[in-house]
Amino acid sequence: MDAEFSSRDSPTIWFVEQITPELLQSSAVRRIICEVQTPFQSVQIIETGPFGRSLVLDGKMQSAEADEWVYHESLVQMVMMAHEHPQRVFIAGGGEGATAREVLRHASVAEVVMVDLDEQVVALCREHLPNHHQGAFDDPRLALCYADAVAYLREHDATYDVLIVDIADPLEGGPAVLLYTQEFYRLAASRLAPGGLLVTQAGPIGPLDVTEVFTAIHRTMASVFDHAAPYGAYVPSFGTAWGFVAAGMADAPRLAALTPVDVERRLADRVGPSLRYYDGPAHAGMLQVPKYVRDAIAAETRVITDANPLFAV
Amino acid sequence: MDAEFSSRDSPTIWFVEQITPELLQSSAVRRIICEVQTPFQSVQIIETGPFGRSLVLDGKMQSAEADEWVYHESLVQMVMMAHEHPQRVFIAGGGEGATAREVLRHASVAEVVMVDLDEQVVALCREHLPNHHQGAFDDPRLALCYADAVAYLREHDATYDVLIVDIADPLEGGPAVLLYTQEFYRLAASRLAPGGLLVTQAGPIGPLDVTEVFTAIHRTMASVFDHAAPYGAYVPSFGTAWGFVAAGMADAPRLAALTPVDVERRLADRVGPSLRYYDGPAHAGMLQVPKYVRDAIAAETRVITDANPLFAV
Amino acid sequence: MDAEFSSRDSPTIWFVEQITPELLQSSAVRRIICEVQTPFQSVQIIETGPFGRSLVLDGKMQSAEADEWVYHESLVQMVMMAHEHPQRVFIAGGGEGATAREVLRHASVAEVVMVDLDEQVVALCREHLPNHHQGAFDDPRLALCYADAVAYLREHDATYDVLIVDIADPLEGGPAVLLYTQEFYRLAASRLAPGGLLVTQAGPIGPLDVTEVFTAIHRTMASVFDHAAPYGAYVPSFGTAWGFVAAGMADAPRLAALTPVDVERRLADRVGPSLRYYDGPAHAGMLQVPKYVRDAIAAETRVITDANPLFAV
Amino acid sequence: MDAEFSSRDSPTIWFVEQITPELLQSSAVRRIICEVQTPFQSVQIIETGPFGRSLVLDGKMQSAEADEWVYHESLVQMVMMAHEHPQRVFIAGGGEGATAREVLRHASVAEVVMVDLDEQVVALCREHLPNHHQGAFDDPRLALCYADAVAYLREHDATYDVLIVDIADPLEGGPAVLLYTQEFYRLAASRLAPGGLLVTQAGPIGPLDVTEVFTAIHRTMASVFDHAAPYGAYVPSFGTAWGFVAAGMADAPRLAALTPVDVERRLADRVGPSLRYYDGPAHAGMLQVPKYVRDAIAAETRVITDANPLFAV
């Protein structure tokens, strides 16, 4: 029996995401692949008309086949390319396997430690999102661990060239709240090898939502690291532009120091022509954020701590 | 893996049915059980929060676990109870098996011939809608045939005590158009045994939609049969009140002649206490339709023919 | 400037009513006529494609031009016709003026006292819902008072032949909660003249929502009055079938005692041919509710009191 | 009477825009300010919760108070700043007055000719969108003309330093189709003064919709002009990232030649600190589009002509 929807005049099943209480994004559903309540969160894998196969956690779109490459290349390649020679990489979260996929494109990488809280999410993604992970889970360089990333980093004193935070937004009561605090960034900084870089997804960066969590995350990181670069990319399935912050200590390269020509050369050397969103011009373009982003960053005063966490809408 | 949705704050997947282009009914989806395009129609079996497991054909709700008993008892029991001694019953359509279920409650019934166009629909209902058919498909008195009901009746001259039309609305291009015409009712009348009754679902009977198809179907039946009784019941999953017409020749009993006390006695004799919607008072109440229905019937002039068919919205 | 929407391919503005958290009814909006927050409630008067001009209180449809006659004739005419000679009528609520309109059709009526909490609602309805009130507010027999109906009845010991409760559902925190309690019905009973009847709107009566408030209201009334008759009508703009309960002491006529022929005669004598929903057959039909309603009533144990009020969803 | 919606738990009135047949964006409506059918198009001015006062033409969001500055600064300031000394400016469309507002910030500008097809749209925007135009319509340097911009340019041989196309997407049957063709760009090129620049809005530029019209518009412009620079900005109320193309002949400056430092100096000299989206880094950032945009441009073969126009979805 074919459970896939035939194309028909007008869609009958819709995935409705509340971007804010007054703004909804609705996508026609082709297929509901699975729905599970894990100990940590509600998980849905659905296939929508506009966005293909998508992972939805607690009702929020995490990544979709049709545009996950915008998100994952932006998250991963900016720091991977800026780093002189990334060999050991840590991923907090990243359940779909697409962040690992981007990291593993780099021949220099010898070891990736991926720590995700939710074994069921990873198993479901591995089974149902093949275009996301593209076999990354089978790469022998990947060590997968199911644990709280904060606890893991506390308990293990290994250091990494690149540390990538690819987790859900800090929803109140959700599992991600303590991975956006000053305490976490201090811990993460202590786990960076010399010249190491950290990057995190950092919530929406659009003109109407940049101050929701993005500017506070940036300011918190800037209070710990010697440099912290904000950048963004438009991800349609998220219903808004998405922000990232890359940071490092004084010994680490600044992303803006890399020219488009440098990027193109490193891309050719390290990865080859496989990317769709990221290249030299994109590297430069993403870092030159609109004025409102810089104004909002300048006006931000919040620093997120374990005692005063920040919650996304 | 559990594919059922956990209850959560606010539903994310919705079934949206266009009742009219300006009126939508949206139900939270718990599970999409299957979706198939058959040679005849698009078929979805879904489980919604308000209505449970539901059969949807060409985007239109056909019947739902939570209130199918309103529809099926209304469709079947009015004529079954009015008939003196129903032994042979014909069902056109009825793919869910619930119409057969209602017929087979009657111990007097020796044979039910059910002719549905779409074998796949019947197979899917049999597998996925157990609360609809409740084993009716296994009853040895049921003969199931996959064919066009018009062609079947033309080709077989057997007669029936009760003939039940339980098919989709006459959507343009859909398979049901020719089962609402004068020609069909003449054919059906010729297949009624002496004292036999025909009943058909007849589209919405609400104050805003009674003239859409209901009054035309009634008038067409009244042009063929000696008596034709309109009645209705409110079926929430349809998003409106639903109409039926029961008809017969002069030799057949009139539904209105049966008093509530008669109904109760026949119910006790024939069926027992298993019904939820239909009983003596309900029998009388359904037949005493509101004034606007009788006014709309009186004003109707359309007669539906094969050459001038009527299409539902 | 014409503020009315032109008909166009596909509606862009919608009124979405949450019938339940898992069931929505959406109507295309032609025009938003006004929106006001009064001391008591939020008020919207909108014009929708399916239902015309509509009064919405606290997000809930109260009555719509296209089908308010179903509701108002059902609410008013059952008791008005059952009463031997209604002269003095009390209306609790009824802000649209349509309940008064139905009462004032009766030549026997000498005085109508209408007590509505919210002067702004009445003023807005008077200005913007002319097809609802049809001039009823100008009838010299109508005395309009802005007050809490419970307080008014406590403070005035006048008695009435018919007492009509036409208020919003008992939403938690809303103004209507104390007009559905045993204490209120005792007070109302004491304000009925000999042979007097009370009727109240009583929430949904559909197969999925009959036990929400309807059966509890019925049982509470039955604990105070000598007879209490449940009945219902399908009102499309409410997204469900709607229930009413009419009650009286032993000296008051029972609604079911009136035959269709009686109704027709009284209609001719008292009102003339102006009604659209109500007549002799409709009177009988409404009272003969489906079996599930009677079963749900029989199973109900809740009695609503001021100390233990009931809240609608 | 206050027609504005009070904030309440859950919105009841929504503006639903079909971004594609399978993707909807819904915004809570605070107020419908007007709705008119003009000889050219359907016009709605509404106030939504997320986006404030918004102009909607033929059901499509044109610009909204909350983020129109992203669109209008991006459209106007890139070419205005790149031009050596803009004195005479032509605007095709621009009914809201916000494009004129951006142009008139420049002290160098002596004359703006704005040609909009639809006088009613301009009058409605002037009355109801004060935060869009901010008084631009009262500036004595603005000459406003109601005509078809193609006809106007054909009939007048005046030339301009900057020519700005700020019109609706080329919807089939809509008024904008012939302002995206090779013939139009040739005409426009002939109306540029030496060193003159043309810029047009060019439809969505997101990863899923960049090939809808954007790449074809770019290629068509590149077939006429000596250089044509694609760039984009994310505009939330449009439900996607938005594209622009700026073009000129060999005598005109290239936008990419302007460094962030140049931009900052010109901004200080010409405009002052009033902008919110555009500045030096933003100028550079917008031009460095993601790789997928450049790949899609490279793969594009369509050239739009009057005989073979292109229609947006």
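Read from first to last, the chains carry the letters A, B, C and D; within each, the first residue is number 1.
By our rule, contacts are C-beta pairs under 8 Å (C-beta built on N, C-alpha and C of every residue); 3 or more make two chains touch, one makes a residue touch a chain.
Small disclaimer: the values here were computed from a predicted structure and weren't measured.
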{"item": "Subunit C onto subunit D, rotation angle from CA fit, given as a multiple of 5 degrees", "value": "180"}
{"item": "Interface sides of subunit A and subunit D: same vs different residues, half threshold", "value": "same"}
{"item": "Whole-Å gap between the CA centroids of subunit A and subunit B", "value": "53"}
{"item": "Approximate Å spacing (C-alpha centroids) for the pair subunit A, subunit D", "value": "32"}
{"item": "Gap in Å, rounded to a whole number, between the CA centres of subunit C and subunit A", "value": "55"}
{"item": "Junction residues of subunit D, two or more chains touched", "value": "10-11, 14"}
{"item": "Chain-to-chain touches, reported pairwise for every pair that qualifies", "value": "A-B, A-D, B-C, C-D"}
{"item": "In the complex with subunit D, residue positions of subunit A that touch it", "value": "10-11, 14, 20-28, 48-51, 66-67, 69-70, 206-209, 233-234, 236, 239-241, 260, 275-279, 281-282, 284-292, 294-295"}
{"item": "Contact set on subunit D toward subunit C in their complex", "value": "1-6, 8-18, 29, 31-32, 34-37, 42, 44, 46, 56, 58-59, 124"}
